[in-house]
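Quick one: the structure is below, questions incoming.
Chains here go by letter, A, B, C, D and E, matching the order in which they are written, and residues are numbered from 1 within each.
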Amino acid sequence: MLTGLLIILPLVASLLVFLAKGSAARTLALAASVAEFALSLFVYFQFKANPAAANLALNCTWVESMGIKFSVGLDGIGLLMVLLTAFLVPLIILSSFQNNYEKLNSFYGLILLMQMALVGVFAANDGFLFYVFWELALIPIYFICLLWGGENRAAITFKFFVYTLFGSLFMLIGLIYLYNHTGLESGIKSWAINDLYAAGKNLNLDQQSAVFWMIFLAFAIKMPVFPLHTWQPDTYVTAPTQGTMLLSGIMLKMGTFGVIKWLLPVAPLALEKWGGTAILLSSIGIVYASCIAIVQKDYKRLIAYSSIAHVGLISAGILSANQQGVQGAVIQMLSHGVNVVGLFLIADILLRHTGTREIEKLGGIRNMNGQFAVLFLIILLGSVALPLTNGFIGEFLLINGVYQYSAGMAAFAGLSVILGAVYMLRSYQKIMLGEKTTGGVEFGSLAMSDKVTLIIVCVVIIAFGVYPKPLNDLAEPAVKTLLSTLK
Amino acid sequence: MKGLLIVSGLGILAMLAEIFKFKKLLFPLVLLGLVGAYVANFIEWDHSYVIGVFNNMIAFDKVALAFSGVILATAFFWFIMANDYFDNEKTIVDHYSLVLFALTGALMLTAFKNMTTLFLGIEIMSIPLYVLAASKKKDVKSNEAGFKYLIMGSFASGFLLFGIALIYGATGSFDLMDIRAKISSYESGSVPVFLNAGIIMMLVAMCFKVSAAPFHFWAPDVYQGSPTVITALMSTVVKTAAFAAILRLFMIAFGGVSESWSMVLSVIIALSLVIANFSAAVQPNVKRMLAFSSISHAAFMLMVVLANIRSNASLDALLYYSLAYSIGSIAAFSIIYTVTKGGDETFDAFNGLGKRNPLMAACMVVAMLSLAGIPITAGFFAKYFVFTTMIGTGYKWLLILAILTSAVGVYYYFKVIIAMFFKSSSETETITVEMPQKMVMILTTILSLALGAAPGFVAEIFKF
Amino acid sequence: MLNGISINYYLLLSAVLFIIGAVGVMARRNSIIIFMCIELMLNAVNLLLVSFSTLHNDAKGQVFVFFIMAVAAAEVAVGLAILSMIYRNVKNIDTDILSNLKN
Amino acid sequence: MLGYTITQWLFGILSFLAIMFALMVVFSRNPVSSVIYLILTFFCIAGHYLLLNSQFLAIVHIVVYAGAIMVLFLFVIMLMNLNENTEPQRTWLSKIIAAVAGGLMLFVMVGSLKGAGDMGLVQYGNAQMGLVKNLGKVLFSEFLFPFEIASVLLLAAMVGAILIGKKEAGEA
Amino acid sequence: MIKLIALVPLFPLIGFLINGFYGKKLSKGLSGGIASVSVLASFIVAVLAFLELHHSTHKSHVVELFSWINADSLKIPFEFLYDPLSAWFLLIITGIGFLIHIYSTGYMHDDPGFSRFFTYLNLFVFFMLLLVMGNNYLIMFVGWEGVGLCSYLLIGFWFKNQSYNDAARKAFVMNRIGDLGFLLGIILIFVTYGSISYGDVFTKAGLNGNGVVTTIALLLFIGAMGKSAQIPLYTWLPDAMAGPTPVSALIHAATMVTAGIYMIVRSNVFYSISEVASETVAIVGVITALFAATIGLLQNDIKKILAYSTVSQLGLMFLGLGVGAYSSSVFHVTTHAFFKALLFLGAGSVIHAMGGEQDIRKMGGLKGKIKITYLTMLLGTIAISGIPPFSGFFSKDEILAHTYEHSKVLWVLGMMTSMLTAFYMFRMLFLTFFGKFRGTHEQEHHLHESPSSMTIPLMVLAVLSVLGGALGLPEFWHMPNWMSEHLSPIILHKNPSTLDHTTEWTLMGLAVLSAGVVIYFAHAMFITNGVLPMESEEKMKPWQKLIYNKYYVDEFYDAVIRKPLDLISIAFYKFLDLQVIDGIVNGVGSVVKGTGNVVRLLQNGNIGFYIVSMVLGIILILLFTFII
């Protein structure tokens, strides 16, 4: 029930926002998203008090004849993802206060629509519903990028759209294939997630492998995993900052979340056979992207590549399919979501205050605004996974998980620890430190909304770095049950 | 049956309007008649004859009624959309009656039980369309379209007839049931070769009617040359009817010997998918683009025929697909019709439509999404059904090809969207839409969303 | 009592006529000739039908021929009307001229 | 004679002529002569009909085609006075292509139609079958519906022709 | 007090927060005061706790704060371990830390970033305490990287100077390399023993055979290399002198760099099990010691000299660890903390006096001008050169003695190192304080003794480095070696010296003798003959050039690692990513368009052609269905 509310609320809100005029839309959107966050918190406490009692699930028939149900519900992982979404969207909206876009109402309406779809993806317990939300999430972001994006956006966003759609069509085939194998004894086919799990387990190795790759393709493109990543940097750079935040902060998690909930349990045999390959790809992606990030000129692009590296580690951890790996992945998904939003906001602030994101052109900003420098530094440390920042918990667990799969792979993936430090510090030094003031431009002080956003991000980074227990308490049992289904 | 009679009656009524001077009333009368026909369908639904009437010449069983329902619904919208195409005092009556006669033919194609009725149905549907395609008399393009359609159409019917003749030779009958019985009575091996030859030739002819490659060449030219509304009619009503016919023909008559034609069909589908999508991707002209897209949709529907013709699932799939596709196209064409009144039919005609008329742009977006098959529009479920029917069969390669090409398909549908929202146009004044078109746009848009939201009903339709 | 002729010869004959018609359609540029060739094809079919109907000793085949004739007549009427209209517009009925719709 | 029966002789001759004239239709430069040749072809075909004991059909055939349709053609040709060899010819290449295509088609058709032998011979036994009485029975009992609906077809054709033919407002 | 041991890191944290948030608004005195007091407070707590521990029989106490990471079998509580080792390090860190805070209030007085400096300093102390107090490897790792961060911040304290920033970044990245090894080690420990808390691990250590233990030990040692600047990861430390001198004293001499030693002592179990590992440690240690010492010979930057001597001393400590003399190494850590901190602070005071000049070629004859500094530094130098009864003598001698009984070769190398040490240290001393002044005039006028806030810590440290030896008097003197007794609870395989007294005496004698000779030689060279370091490289002999340029190691790394990395990255980006992979993706698109444009041409509008192609289609179909 509550989950249903979580999905409905943004939908209704978005419709209202579409109707609203001018900056009223902005405030309305902020209010709605905050309300959503409050609701999600309420759900969280319900869940915490007693997972069983909390009435989260919602089951209504949608297409009886095809066994499609509108069934949503939350386990620990899903709840975490929903919390992330509900937490980030207000920040994202807040972060947009300084950009003066046209057609505010459609902008925020689309963002809220997106939120609806995202929550749906994280909550869906019905394969078909999952796919529908999955595709649904694509459309608002496409328009956000198309309408408010940077130069050459038409081609780039289109590439992004087709690329992802292409992948998800294969996922659809995979899911339908599973669906066709459901209800062997009962004779009644169904899209219910558990039935799909069961169907998947009954397949032989070859069938499972086929399903595995078809579904993994979609997720791999979404994340993205090397070598399917080339749409990502361009899209991130071209999209409006808020779009980038949505893409990298939340949408990217759809892929990883999908692997956890919709791939691991359906193809255990295939995972044993092909998991290594997938992990290898992910690990290659880590080092590859990190290396590329070192030589980036545009700071936003640098972050984009670093995000590829991070997500590579996450997917490697998930595919190693052990408690530490998967749980680490979940934690890291949250941390990465928060940090990357912070980083992109910083990129946006740089652009707004100095008119450029070119690392070479910037410099000496520390002299002009120490506060900004400190906040920047904290977020940066979070993303290089310094202990006592949220980034570290996840990264440690992840490398731990990968290590249990293969020590060599872990060592290889671990290189990101070093390379991450290299490119992050290098860029920080070039942008913030040194004597040179940015082309004589006075950087000035931060706008209130930016400041608030950054501070919130920093607080979260440190708070969950020091005391990640709440997250772990949610993730641990959920992951454990999930992995137990693999056996 | 009553539906058929009512529609043909309407055609004649339209001609009487010339004499008794009630042309003004014609429009409402026709709509009323269509509704009446629809109602008649519903009445017949429960006690629908499975065995045909007139010595089993024609039988309005559930399948027939369902498809004729689709056709009538589409026609209903079409008339509203095309109402100002019938403004010319001198020709209004002829246009009405011709369209109605074409409809009659279409309805026959959903219900025939005999080669004779099949043949007559096709011709009754086609001949008025030849004329209508050419009905912009001063416009050479329109003339050419009509001419091409005529020549190639009759050439194709030549093959159709040859096929019929061969089958008659092999089975000694024109009745689908008899043919089926006769075919099944042959023990394998002793089947006269020219039976298969006949089947193939009929297949070819029907593929021509639904414009599947390599028999698709007429479609783009004719679609482009004809008046937009007529193009709409062709790409919706005619296609649906043709598919109903194929379904019927191959389900009833040749279902038994599918191995003799499935291979050919798979090749034809593959060709259509590739050629259609690839050439659509580079079309500057919207109508031509939609022509190619209709070819690719035809390929999708043929996949159902290929997958498993005898099952309910494929009936559902085909029915739903034709419904979704017709509604999508009607929406698209009604918008194109309004936008291209200026004459420019390239994508640039849509530039800045997002600003100039947001409502219309929104409807177009939905229509395009539906044609591209993106959730939760009707088009998505249409594709979904096709996939479900295909996935069990041995034609995995075809499935993969379909996915790849439909990814290409997204490209040209989104070209429209990009043009509407991304490109800015020279003129900025808002485009005004007449009430009827606006109604059609909104209704069809809502419908394609609604169908997408509740696709369950189709499975409920056929339970026998 | 005359002895009959194998159906294969009729098949062959009508096939040949049919194909001659088809070749005509392909080879000529004059729309009217093309039309006539189509008529020729239809007649080939008629011949085939009649021979089959005699073979099966069953009148349906011949009846079907009537319908084909009717259709043929109708097509010709419409076709020639369109042609004359085109002629009025472009003073020509050469198919190669009538190829503005392309690509 | 030469071991062939009259029928076979007739069949042979008629077929030969039919094909000859058909070819002439295709190859003759002058449209008018094409028309004439086509009419001759139709006569041959009518002959075949007679041979096949479908006398009525043969008559109707002559009346409809030779009498109506071809006259119509002739009319139009005169109207456009294409009565000379002005028709621009296709390039040899395309002609050859057409010929080759035709040849291939013949080949495949024959290939696909072979093995019909077991259908037996065409027996000219029943002389009644092709009579009006007989056909009428079949036409008005079994084929009643198509017969009726054919009227719609003709009506449509008529209306169409009129629509195309009639002068628009403001037309000279 | 032990129950409240958590207070020790808490105070600096509070200091850090206050300074961090309000530092700008506070007056310099106040913010400096808060910082120092916070460290003093934790020092006092540490002392009290130490006494308590000393008298209690129960030697190790665990204080759990909260459960930190929980992932199924992996349970990592956030808890502190208070046992002799950590207790001792607490004392060093807080004690020296306090002194250096005091010193800094004077040294940094005129710096605009005054409060920022103390913020970092407090943060550092906090992390350092975390490092030594954690009860499991991950908390050690937290402190480990934390101090790395602080060192980054403090080296780059004067952030306007990009070369300083480069040094800072270099330090951080090099540490990261080590940290990766450390991290993998920790994970391997978890995978092997199912826990990373010291107690559980050490009790199970022997069970899983030597192979894995060796791996673990080596991985951990990689971490130590990074942090404690051993070959091959030592080059960051000399560059780290870019930071303010107190930083060099506290972080890069006394505390942080000894974290590696702490870690290995903490995990002495592994090393005493695995021969290979301990051998590696010993060898790396001694090589580093000698290598750095040689470089020290020809350096002219007073801080660089000290830096290299630090590296070499650390090498010596690792040698000690390698040969199993854990307590001796800790002992040396302690004494080294005293005299090296002293020396750095002294150097700082010299630099302060010289107005920022660091090149000893510009100094000379200062002993008259800045007496206290001179005297204290003299004591420090004697201590480090190993002249009895100064502290350095005892600790170094202990290590060398153990080395001797372990392997003669290593011992010889060790001896050479200590001789070299004595030489370059006295070289520095002589060149700085003796002879005549070689600086500019205004520098000469400007010369003055540092304020008491700086001199007092110097004096305290001087006293400590003189008397520090008392902590570990040799056994064979039949005096209590307090240090080894104190640490005995945590050292699992002790190896008491088995040498007979005569050998002990001879070794000791040799050490003293050699030191004496070297010092005399140095005196003869720099005082009597007044040799001065050469101004330019041209006149140097090749070997001098080689040493003077630190064996070109930095250049080597640059050529072998940094440049290739950049090149590879550019290749990846420019070629692989943009050309190949993205090229393929876009290629698909253009292929579609290309094919489309070709296919389009079929639609040439000519009926004849259409019909032909239709017919051809039919022909093919019939052909494939019936003929073939």
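Here, a contact is a pair of C-beta atoms (placed from the backbone, for glycine too) under 8 Å apart; a residue touches a chain by one contact, two chains touch by 3 or more.
This is a predicted model, so every value here is computed, not measured.
Taken together, chain D and chain E share the touching chains B, C.
Among the remaining chains, E is positioned farthest from chain C, on the basis of C-alpha centroids.
Counting contacting C-beta pairs between every two chains, the top pair is C-D.
Chain nearest the geometric middle of the protein is A, using mean C-alpha positions.
The greatest centre-to-centre gap from chain A, using C-alpha centroids, is found for D.
Distance between chain A and chain B, defined via averaged C-alpha coordinates, is recorded as 43 Å. Chain A and chain D have CA centres that are 72 Å apart. Centre-to-centre separation of chain C and chain D, using mean CA positions: 6 Å. Averaging C-alpha coordinates per chain places the centre of chain B 79 Å away from that of chain E.
Residue positions 589, 600, 603, 605, 607-608, 611-612, 615-616, 618, 622, 625-626 of chain E each touch two or more of the other chains.
Annotation for chain B: residues 116, 120, 123, 127, 130-131, 134, 137-138, 148, 151, 155, 166, 169, 193-194, 196-197, 200, 220-221, 411 touch two or more other chains.
Multi-chain contact residues of chain D (touching two or more other chains): 90, 94, 97-98, 101, 105, 109, 112-114, 116, 119, 142-143, 146, 150, 153, 156-157, 160-161, 164. In this structure, the chains touch in the following pairs: A-B, A-E, B-C, B-D, B-E, C-D, C-E, D-E.
In the complex of the two chains, the chain C residues touching chain E come out as 22, 25-27, 29, 34, 95-96, 98-103. Looking at the complex, you find that chain C touches chain D at residues 2-13, 15-24, 26-30, 32-33, 35-37, 39-40, 43, 46-47, 50-51, 53-55, 57-60, 62-63, 65-67, 69-78, 80-85, 87, 93-94, 96.
Taken in their complex, chain B has these residues touching chain E: 148, 151-152, 155-156, 159, 193, 196-197, 200-201, 204, 208, 214-215, 217-218, 220-221, 260, 263-264, 267, 274-275, 278-283, 408, 411.
Residues of chain B that touch chain A in their complex: 369, 374-376, 380, 384, 387-388, 391-392, 399, 403-404, 406-407, 410-411, 414, 417-418, 421-422, 454-456, 459-460.
The residues of chain B lying in touch with chain D in their complex are 8, 11-12, 15, 53-55, 57-58, 88-91, 94-95, 97-98, 101-102, 104, 108, 114, 116-117, 120, 123-124, 127-128, 130-131, 134-135, 137-138, 166, 169, 190, 192-194, 196-197, 200.
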